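Two complexes come next, and they have one chain in common, chain A, joined by chain B in the first and chain C in the second.
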Partner chain A sequence: MSELLELDGVERTYPFFALRDVCLRLDAGQIMGFVGPNGAGKSTTIRIAMGLISHDRGDVRLLGHSMPGEQAVAKQGVAFVSDDVGLYSYATVGWHLEWVASIFPSWDADYASALMRRFNLHPEKRVKGLSHGERVKVLLTLALARRPRLLVLDEPTSGLDPVARHEVLAELMAVLQDERRGILFSSHNTQDVEQISDRIAFIDRGRIIDSSDKEVFLDRWRRLELELPDGVALPSLPGVIDVDATGHLAVATVNAYTPDIPAAYQCAGARVHGVQRMTLEEIFVATVMTSRKEQAQ
Partner chain B sequence: MSASIIRPLILKDLYLLRPMMIGALAFGGFGIALMPFGETPFFVGWILLFIATVLLGIFITAVGVVTERKDRVHLFVLTLPTSPAQYTAAKLAASAIAFLVPWAILLSTALALIATTGIPDGLMPFLAALLFYALCYYSLYLAVALVTDSVMWSTLVIIVGNTIPVFLIPALFRMPGVSADPDPSGPVWTANVLTVLACEVAFSAAAVGFALYLRSRQRDFI
Partner chain C sequence: MHTKLTISQADRRPMYLQLIEQIRRRIAVGDWGPGQEIPSIRALAASTRVSVITVKRAFLELERDGVIVTRQGRGTFVADKVDLGRDLRGQELDEHLVAAAEIGWDLGLDAEALAARLREIVERKDEKRT
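This part shows the complex of A and B:
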């Protein structure tokens, strides 16, 4: 599998924030969801990957090129879309398309036209008159029609209405039909990430706190609903990261689930009323809270 | 690809800046056209010409650099296959072309008009020094815009840049060689005049050079 992006031990220190030992790897054919709360370091990491911000330590390789030194070559095969990227407000959508097309020999004019129709964009319209959602769609059209090997998306669905979000996500899924391509998708919206990603990395307070295949994440996390008869104390089990007990009821959160865990609780005298899979949002929140608790200790 | 990216970046900026270039040529050209029709039209004409070149420099920098950064468009451009150094080089080249071409056309036209009509030749160095001051003003504003997005610094440059002519214009009129005498006794391009022009060019080059030096040391470009 060819490697599209690799960050190894990347660090960057600011007066009130530091990115610490960030390691990420994205291969062709993958969509990586990069999830973190606001201010966690998602955008900083992505901008370091794109060469827009320099790093203090570590190595960044984009399409095999060392960053930021070889960024002009590396970015030939990379497209970047972020909700805070602007366009020339007095120029038309069509002018932007023509200008970007003049830069990229790989520009696919038919695909650009198809995307314009699908997104209901009009080339003669000035950027000034576009809604936020339309502007994101123009940026996405400009990015996708270049046929990049790697698409880097920083909160692309932020501020989009549900229909626009669906359209954008559907188009991203279509990109991955070509297995040579990959997407790095940053968001704090776990629903979007869960919908399209096959790999997930969680970041909080400048550190990658967990990273794995989505299915592995979803498989290993469980929430157990327990009833505790009088006099029963729950044993401490490996993989159980939190137990929230109220009276005779308890909820155990497990990040390395095996059938042995409910069996062990039953042996200890607890009644297991349910074993539930967790949504990515629940897993994300639990991971962040556990990480913060560990850092505080 | 790396080198060729500079060309579309320059052409893009020139496309976006062309209304300002055309506007400055029209406005300044109107000022020049007034000049041969007597003392008062000449006075109004050179003021219009000076305003046209000053406004050209301000608008080119404001639209090409300041607004591009304020609207986060530079982030879009920097995601194209370009390095920050190439982006800065293209920005500087496009801005210089957008300013210097209309400026040079207006300056040479005005000087040619003075040389070929009854306007006193002694006013040529005055007009040249004044338009070279507009070059200094543009260079300083561009330099500040390239290295900082501080509104305070930009405003300060505009205030200072607009204040200096109040002192500069009377000083230029007192310079040897500058004269409204239709039949000047000596050469108009005196050593003083040439020194002033050389200082203005040196200041412009130093301002932009210092900005490029500071820019090359910046670690982040957004």
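This part shows the complex of A and C:
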């Protein structure tokens, strides 16, 4: 069994929001970045996967166990970190470590101490006196030191300073040295996602609007800078999702790039001034905009 | 073994190309010698904080170019015969020439005209040098 998580046709309807036909799959040895605007359904999807919210339709399998029915077994091997996972304000950091260690036999005390040192956390400190960043680091320590097969992180780097973000990403990558493990993390920091993810899924308005290997994603997209001499009209080409023309200049956005596209423009009389790769952030925004335009039609 | 590779976010090139260049440089300067085992994909991914799939892609291209060799179940090694010392600067030059050729193409210059432009520039440089 190499799938850590599988969602198939998952739906959930709320009065003002609905998840529609959500399909996701995370294999062992991989990191999946789950990207979406605010309110897109990232947290709802993750909470359904964790068995914290029920779904109306579809199948959820976590470490091969059907959710939410078999969640007690599944959760032994899964750690979930999110802003709203509670810590007890009046208890110390050390108390939390001991508590989690007493529940999970997989707890690695040496690794926990190493993480505490690296994150500059003090066991005798009360949670009440911690900054937001420190609180996130405590939650990550509690999750990582269990050495779970699957780590699920809802916005793990939001609100962290650049140094802390750097440290957290390093720890996440260290997890992947073991190819039986995997990570699902949601974020709107596309730079983090672009750097460490093997697979990427975009969600908007309750639907998965694109999902594939990161390298495939980055390879498919290009932006072409074109010059249109008088009387030249651009042909419509497959793979070109947007053309923004003003005066004699135009920018074409392509989501299925091949060298045939600039060649075809050249044939039509346009001049190609540049073919640029796009960052994941630019790809994300373009994907969301295209999907919204299609749905409006 | 020196395993430090760095990815620059200011570099517009894709991350796998940056990795390829740095691995080639490690080999070119002799840090990673012929036949020597190099770090695994997962170890490099962890130390550079770059996804496994990106490092895998860099390894595949380096294998295809005969720079490294993967032996199933044993690890990845620098190829026995690989001479990148001179090659690396040569490749850099080629990249610039490719870029120049592309601009020339955009400007509608044919191979002759482009070569003439280059000759002119070289001659002008030579005059300055002497």
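Going forward, the second predicted complex is superposed on the first by the 296 of 297 C-alpha atoms of A that agree within 3 Å, B and C clash if a C-alpha of one lies under 4 Å from a C-alpha of the other, contacts with A are read in each partner's own complex, and residues count from 1 in each chain.
The definition used in the following text is that a residue touches a chain if its C-beta (ideal position, glycine included) is under 8 Å from a C-beta of that chain, and two chains touch if they have at least 3 such contacts.
Owing to the predicted nature of the structure, the values given are computational and were not obtained by experimental measurement.
Colleague: With the two complexes superposed on chain A, say which partner A:141 touches: chain B (first), chain C (second), both, or neither.
Modeller: After superposition on chain A, A:141 lies in contact with neither partner.
Colleague: Report for A:253: first if it touches chain B alone, second if chain C alone, otherwise both or neither.
Modeller: A:253 contacts neither chain B nor chain C.
Colleague: Answer with first, second, both or neither: which of chain B and chain C does A:88 touch in the superposed model?
Modeller: After superposition on chain A, A:88 lies in contact with chain B alone.
Colleague: Look at A:287 in the shared chain and tell me whether it touches chain B only, chain C only, both, or neither; answer first, second, both or neither.
Modeller: After superposition on chain A, A:287 lies in contact with neither partner.
Colleague: After lining up the shared chain so the two structures overlap, which partner does A:45 touch, if you call chain B first and chain C second: first, second, both or neither?
Modeller: Neither partner.
Colleague: Output the chain A positions appearing in both contact lists, the one against chain B and the one against chain C.
Modeller: Of chain A, no residue contacts chain B in one complex and chain C in the other.
Colleague: Which of the residues in chain A come into contact with chain B in the complex?
Modeller: That would be residues 47, 50-54, 68, 71-76, 78-80, 82, 84-91, 99-100, 102-103, 139 of chain A.
Colleague: What residues of chain C sit close enough to touch chain A in their complex?
Modeller: Contacts found on chain C: 7, 9, 12, 14-16, 42-43, 45-46, 49-54, 57, 106.
Colleague: For chain A, which residues count as touching chain C in their complex?
Modeller: Where chain A meets chain C, its residues are 29-31, 166, 169-170, 173-174, 176-177, 179, 191, 195-199, 213-215, 218, 271-273, 276-277.
Colleague: Spell out the part of chain B that touches chain A in their complex, as residue ranges.
Modeller: 1-2, 5, 8, 12, 16, 68, 71-73, 75-76, 78-84, 86, 219-222
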